[in-house]
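Please find one structure pasted underneath; my questions will follow.
Chain naming follows the written order as A, B and C, and within any one chain the residues start at number 1.
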Amino acid sequence: MAKPPPCFGLPGRIRNIIHKAVCASVYLFLVAPILVIIPLSFNAEPYFTFTPGMLTFDPEAFSTRWYRDIWDNEQWLRAIRNSFFIGISAAVIATTLGTVAALGLSQASMPYRTAIMAVLLSPMIVPVIITAAGLYFFYSGIGLSQTFPGLILAHATLGAPFVVITVTATLSGFDRSLTRASASMGATPAYTFFHIIAPLIAPGVISGGLFAFIISFDEVVAVLFLSGTEQRTIPRQMWSGIRESISPTILAVATLLILVSVMLLLTLEVLRRRNERMRGIGI
Amino acid sequence: MTTISTSAGMTIDDDGRALKAKFARAERARQIKAAGLVAPLLAFVLITFVVPIGLMMYRSVDDPVAVRAIPRTLELLNHWSPDSAPPEAVFKVLGEELLSARESGDLGKLATRLNYDVPGTRSTLMRTARAMRRGPAEGRSHRDLFETIDPKWRGGEILAGLKSLNSPYTRSYYLAAADLTTNLYGDIVAKPPHQRIYVSLFVKTLWVSLLVTALCILLAYPVAYQMATLPAATANLLMILVLLPFWTSLLVRTTAWIVLLQSNGVLNDLLVATGILGDEGRIQMIYNMFGTVVAMTHILLPFMVLPLYSVMKTIPPNYLRAAESMGAPPARAWLDIYLPLTLPGAGAGSILVFILCIGYYITPELVGGRTGQLISSAIAYHMQSSLNWGLAAALGTLLLVGVLALYWLYNRIAGVDSLRMGG
Amino acid sequence: MTGPAVRFERVQKSYDGETLVVKDLNLSIPHGEFLTLLGPSGSGKSTCLMMLAGFESATGGKIYLNEESINRVPPHKRNIGMVFQNYALFPHKTVAENLAYPLKVRKLGKTDIEAKVARALDRVQLKRFGNRRPAMLSGGQQQRVAVARALIFDPEIVLMDEPLGALDKQLREQMQYEIKDIHENLGVTVVYVTHDQTEALTMSNRIAVFNDGVIQQLAPPLDLYEKPENAFVAGFIGENNQLRGLVKSARGGECVVQLHDGSLVTARCVNVAGAGSATTLSLRPERVEINPPDGKHPNRFEGRVEQLLYLGDHMRIRVSLCGHDDFIVKVPNASMHPGLNAGNSMTFGWAPENCRALEG
């Protein structure tokens, strides 16, 4: 184990404590703002801050009215439906195209690999506002603005790089002698693909798909430019909520979204462990 | 290729060409197979990403309306110098062409376009065209008629403005994006000071991005170091604290900062409750530059922690021990050995954070208020509110060129493969 | 069965279209043989194995299996078993599923598969491990599964690509015996690739020594050690002293060679062109005698003992002799000589038949 970083001239114990304190405050900075939202979403009053009642744990000060608000609000319900519909559709497209491309990219014989990779990953790097602006002009010419297909295609483009990255990473750890072993035992390439390759890269493909989904689920710039009222998603609805500062309903939505991200994080961790366990072969 | 030869020492020179051809054929077959798998996504990205952005860039120089609507006027204006009085024929032809443009529907576009270069002239053109409908002037010169309709025709500005539209391609959007314009004679000059917006906005964007990047390094370094040196189980646990915000919706995180920082927000309440601030002394911490910087740092910090952590994890502690065994004091060893080895991670993380920061829209727009907005807000404004799409495209192209240059740099330093978001 | 199991005919391989990693390879492997391809890394031995398995295509020439060309037969139709360097056990399948895989591919009946898997597990003493995943087995156990899996579909030929490379020394020796046993019991043809000469010498019927894409010598282990045909083989297999010089005269299978310091050595002619040609003398350190009786050997030289290394069962002695200061002599510990101390001068001698004059 390496030593803690030296704060020059200070004895080890003290600099150790300082280092820990600094780290703790960074973790606090990272997590506290998110955690603060959760209790506030149960506020009985329409305020964005803690009421005296909440601080004394008066049960009267808490309520689930903002959650009921979501349930009663047709706009929010539609936004939720839209988000899942667009997110899942975009993720399916991105995962299919991205996985197939990753299979090609991970072959040694792939020509112009670096250049093509750079192009395929660029939607991740180019600011979304530029992509959205480009699509805005493009779609207005071909009648795709303010349509679901237009939005789904845009989100699939933004999500595909994440699939490519995740699946190529999985494939780079894939032991090619496994496919050879399979062939040496008489399996056709197709049989090998479905019985050996597919099950082994499945965790990577699923993670890539989840990435693509969350990218779409969280995306708002393209939605701002390309959607009409029919296609409003959860982030778009939150955007309006923040802009017009209407009600703590957005805190309730935010809490639900935090729940979604925690679940996704756990799923990915499980997949990662599964993947690692599978690779822990023979060494 | 299989020439009969009994010599055991057949070398590549004997039939090197055949060998090469054979090899090339096999290689090509493999390449085609690999490329075939990549082709669908590549085509998809070309259609939904590269082509649209290309069209946007084209739009930043595309300027067809004047050439289409008033070709004969432009022809006449070509021979006119703004120092002299414009010939009567110009007004005559222009009147006719404005009328026909009104009928073909180009008039509005032309007027809007002229208005970008010569502000306040949209109504002049519209009104003039409407007046033309009443028929030609009787006994008066066309010029008189024009000047009666709108006195703005008296100076040469409008005609000079129209004259500068004599090409289907324009540089004026880029000039506008650089706070420049052209004078009557077509020379490039700076805009009047109160109209200069974009250069300072670009500069501000760069400064904010640099500041956020620096803050990210400062905060990420100790954390990444701690995680890299702790046992794996503990490090994984701490990693969750970094990944949770990473996976939390952007809008949620932005909302969180509004809730925390606004003047009736949690932090101000806390400061007032503890008596540090008086109730009327609440600090404005959001809807300004401070809010933008804090929220952006929070959002981009994980992008710095992850590459730093992955680099630090690969540095064996033996290097430090070796340096110390050779007599370097711990601090010296750390500075000489450890720090340089972490630079690739810090470099990759910095470029990534910087790239993401200069193009960010949502957070500055929501928490930046009037002073904390960045260049992306200007692009969105011209896209959606002013509808000056040419200027939006020019600003976007400039931003894109900057980002691509940095992306290229990132590729050189870290390799595109190393882009890995959490997971 | 008549004819060889495998035949390489003028096989070439290039990875880049420029250089050949395998140059004009001709090789016949009879049925039931244990043939080892031995050589340093990059010598082309693994490439040959991969071409035989079908994972690399020959750039030129033909490969025959039972006298039928298999150049255009894809790997999965060759019916060749293979044990991989890292075993290549499928991590997501249990041991039993791994063993059943080739049988399932061949669409055998369920009961048939179960019986065969059970027998295979029994043979490699892994009965209780059928339901485990490979990652839960030790290296040696994984190795056994890999061997069992390559044999379970009764291939005529089994290829092994450095299968023991990842094991520690003791386990490696044990597995050598097990593989040898399996080969003898089943009578399959084995083509084995390794860079470890001891492994090759213990296990093989014949060894093909590879260097630079060419088979340097193809011979049974004993011949390879005792009768190397060129300087590379002599140097690669076991330790030897190489003395360079010019042939003075050659007669009746023996020749006299003048070394660079002028001393004359009588040696057995193996492949030297004749008087006047350059040659390398190859002499095994254990064939050198200390203080041989007068007249026993025509080769008798004074040398100075430079260094003594005690190696348990034998002593390794570095001597300055005939102008070489790295001449090595090995003597068994039992035959200790008085006065064998660093710095002393002593007499060393060897028989001409143990000293081979090779080309070059």
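The definition used in the following text is that a contact is a pair of C-beta atoms (placed from the backbone, for glycine too) under 8 Å apart; a residue touches a chain by one contact, two chains touch by 3 or more.
Since the model is a prediction, treat every value here as computed from it, not as a measurement.
Viewed as a network of touching protein chains, the structure reduces to a complete graph with every chain in contact with every other. When chain centres are taken as C-alpha averages, the shortest distance to the whole-protein C-alpha average belongs to A. Mean C-alpha position of chain A lies 23 Å from that of chain B. Chain A and chain C have centres, each the mean of its CA atoms, that are 54 Å apart.
Annotation: 63 Å between the Cα-based centres of chain B and chain C.
Residues of chain B in contact with two or more other chains: 27. Contact residues of chain B toward chain C in the complex are 1-2, 8-12, 19-20, 22-24, 26-27. Across the interface of their complex, chain C is touched by residues 175, 177-178, 180-189, 191-192, 195-196, 199-200, 277-283 of chain A.
Within the complex formed with chain A, the chain C residues making contact are 53-55, 74-82, 84-92, 101-102, 105-106, 134-135, 139, 142, 149-150, 153, 159, 166.
Against chain B, in their complex, chain C makes its touches with residues 10, 12, 14, 16-20, 23-24, 26, 57, 59-61. On the chain A side of its complex with chain B, the touching residues are 1-6, 8-9, 19-20, 22-23, 26-27, 29-31, 33-34, 36-37, 40, 47-50, 97-98, 100-101, 103-105, 107, 109-111, 114, 116-131, 133-138, 141, 153-154, 156-157, 160-162, 164-166, 168-169, 207, 211, 214, 217-218, 220-221, 224-225, 234-235, 238-239, 242-243, 250-251, 254, 257-258, 260-262, 264-265, 268, 272.
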